[in-house]
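Letters are used for the chains, namely A, B and C, taken in the order the chains are written, and counting of residues starts over at 1 for each.
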Amino acid sequence: MRGGRAARLGVAAAVVALIAAAPGVASPFIVQFIINVFLLAILAESWNIIGGFTGYASFGNVAFLGIGAYTTGILLTKASLPLAVALPAGGLAALLLAAAVGLPILRLKGHYFAIATLGVAETMREVVYNVEITGAGTGLVMPIARNPLLFFYLMLGILVAVTAVNWWLANSRFGYGLVAIREDEDAAVAMGIPTALYKTIAFALSGAFCGLAGGVFAYWITFIDPDAVFKVIVTIQMIIMAVFGGAGTVLGPLLGALVLASVSELLSTQVVTLAELFYGVIVILVVLFMPKGLVDVIRRRAFSARAVAATLREYRI
Amino acid sequence: MLLLQVLINGLLLGGLYGLMALGMSLIWGVMNIVNVAHGALIMLGAYLAFWMFTLWGWDPFLALPAVIVALFVYGYLLQRFLLNLVVRAQLFLTLLITFGLEVVMINVARMLWSSDLRQVTPAYAGANFAVGGLTIPYVRLWVFVTTAVLSVIFFVLLERTRLGRAIRATSEELRAARLAGIPVAHIYAVTFGLGAALAGAAGGLWGMLFPITPVMGGSLTLKSFVVAVLGGLGTMLGAVVGGLVLGLAESFTATYLGPTYPNAISFGLLVVILIVRPTGILGRAGSR
Amino acid sequence: MAILEARGVSKRFGGLAAVSDVSFDLHAGEILGLIGPNGSGKTTLVNVLTGALPASAGDVRFAGVSLRGVPPHEIGRRGVSRTFQVVKPFRNLSVADNVMVGALFGARGGTRDVTTARRQAEEILDFVGLAHRAAAAAEGLNVPERKRMELARALAMRPRVLMLDEVMAGLNPAEIDEAVVLIKRIRERGVSLIVIEHVMKAIRNLSDRILVLYHGERLTEGAPEAVLNDEKVIAAYLGRRYAEAARA
């Protein structure tokens, strides 16, 4: 068992090292594309913590991306703080928001929780839109970064961190507690799991990583306004990437982000509309035909039409 | 006097919110599907009315029956051949698939009709009538009357007809309804069709008051949800009451706080209601 | 001192009194049978004792300490476990993982280390006779296996008090006999038990004492033979006329 785990960590480290070398060989266009994939993968892996492991499907994590972006942005522009301070502050702001919001709304179940999170995201957008310090509707212009590779390595670092957290969840007592909450919350309580605390921690972690990604994102795109940051399509993207890859698995969301972002990029060069349409269609197809995700399909070798039919039979009227 | 004006404005708008929420509440109550694409259906209704007005000169009120029929058919097909396939999946998956539908519908609308703002402006659009210091736009008044009429028709349909009984039976207990010989796949489809028809009608009416764009539906879905929850899920009357409450809340905040606040208020209201009294104003404890 | 003491426990839902002024003691190492016709409040009582529902009145003391206001997960941590009448498996986990959750949490916070917890789970599965199904998905188990897993999971919490809610429902006579043997072996490990059952043969075999609930109230309590032959108890289950006919 020990040897196997060490070998897998070795492979993972090698892969990361390989990716880290990419900017040396790839064109700037590819590098930009990879940074975008990193961002989406971070969001998907973050969502996985609360949606995949804990079973509380948040439809509002874009709020945390947003608050991270704006906190970092405001500290960079209005307070002229260095990124080394502004970025962690963004992550911290998102973590605190998630914990604060989580306390009341994690008590809600099913539809109510999902829509409440949607409401939180919308409210955040409206508040940012109406408030002076965020530049309101006009937005904020970031200082220009001297080293464009900075974003690549920052995003890579955050991605490695959030994936590591996911891995930790899959193998730790805390993670098993979250899974128990997902599977049967009443039973989890009866077994001595402090569910309210665990859910809040999971939500806060999820928010924190979205916030960190948001901070880097703001600096990367150099200009943020409410519409650029609080996009609903981002919510769809992070959820479907996690679900497509396999919600509740460690690598599923990452895989989902890679595959879907690549296909979307191939299909739609500049036309935003086509990309969004693609995601919408993918969502429908995935829910119908592979709701447990790619990792599950690969694991069970369930590639046949028969497997798909079995899923349909289980879910159809 | 300003107070009365704000009140009237709120009620007039609230009626429309109630109509929107009826559609969502019906689908949610019967099939436990929260239709995130509800706003997109409203948007489709608005565009349909707009094109009939622009291309053929049909008065939007008179075009309403056509919009209702068209959206009913669309909704029926959606449920029968798509949503029925995932009805018994986890709540999250049904939520996700309707989310996907919304994205598809919005983007198809963008591609077909562009993102330009549209407005339905019949000849009588700007006309008001004044009574005792109050100004009431004709259009708003007629919209309110229409929503009242449609709501009543809907109630009668649900409470007094065989179809309505079948719908209510299916919502109570799917398996028993099936055993009783009710064609549940068809009934589910009819239910969704009705919900879509109500959304379409609301859209056709909305388009007479506000600009139409492909993305107009997003906030309307949320508002419909707020109203449905506010009034109490499972009670149709609750949707109407909730609509009026939201309309009033928005009217008052717009007037006394500022025009950019109403959206934030409704969403904030939602979060508060879900925490304080999730069963809503008229709801019973233990209802979905 | 009894390990679990209930004093004047009541639970009301609106106007309905599901449990009314119930008091009893559970002594260390005892098996207390809890019987009563359907709707007499047995499961509600267990829900109150484990904190799943707050009591409307009365107090529960575990090892001398009051459980008033203690949240349910904390009660589980202190060493009170239960099974559910309708089993609640963690469907997407394996049998071993299901039981492991019990070992990871549970009494005194359970085991911190996953590897140790896994070993403990294996031992428990062995004890209940489910070791051969350890790797199976919880979803695929049949009824007796599900009941055993539910039991194993609660046992993995290393409780001092274990409440079993109709574990034998749906079992055939041979399986019931096996269950009785298993429960007695659990007692031998130092666990005190409250067993809710409708299967009279099993209850008679298992219990040191039996407590009878009827309409939420304590009807009677005592040694198995005395209680099961008590006219009031027979009348409660089968009706007054049957009791009179039996007497005649």
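As a working rule, a contact is a pair of C-beta atoms (placed from the backbone, for glycine too) under 8 Å apart; a residue touches a chain by one contact, two chains touch by 3 or more.
Keep in mind that this is a model prediction, so the values were computed, not measured.
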### Message
Chains as vertices, touching pairs as edges: which of line, ring, star, complete or other describes this one?
### Response
line
### Task
Could you name the chain whose Cα mean is nearest to the mean of all protein Cα atoms here?
A
### Task
Could you put a whole-Å number on the gap between the CA centroids of chain B and chain C?
49
### Summary
Chain-centre distance (mean CA atoms) for chain A and chain C, in whole Å, is 42
### Message
For chain A versus chain B, what separation do you get between their C-alpha means, in angstrom?
### Response
31
### Task
Within their complex, state which residues of chain A touch chain C.
171-173, 176-177, 179-180, 183-184, 186-195, 248
#### Entry: Contact footprint of chain A on chain B as seen in their complex
28, 32, 34, 82, 84-89, 91-93, 95-97, 99-104, 106-108, 110-111, 174, 184-185, 188, 218-219, 222, 225-226, 229, 260-261, 263-264, 267-268, 270-271, 274-275, 278
### Query
Considering the complex alone, what residue numbers of chain C touch chain A?
50, 52, 71-74, 76-77, 81-82, 84, 88-93, 97, 100-102, 104-107, 109-114, 117, 153-154, 157
#### Entry: Complex contacts: residues of chain A adjacent to chain B
51, 57, 59, 104-105, 107-108, 110-112, 114-116, 118-120, 122-123, 126-127, 129-130, 232-233, 236, 239-240, 243, 273-274, 276-277, 279-284, 287-288, 291, 312, 314-317
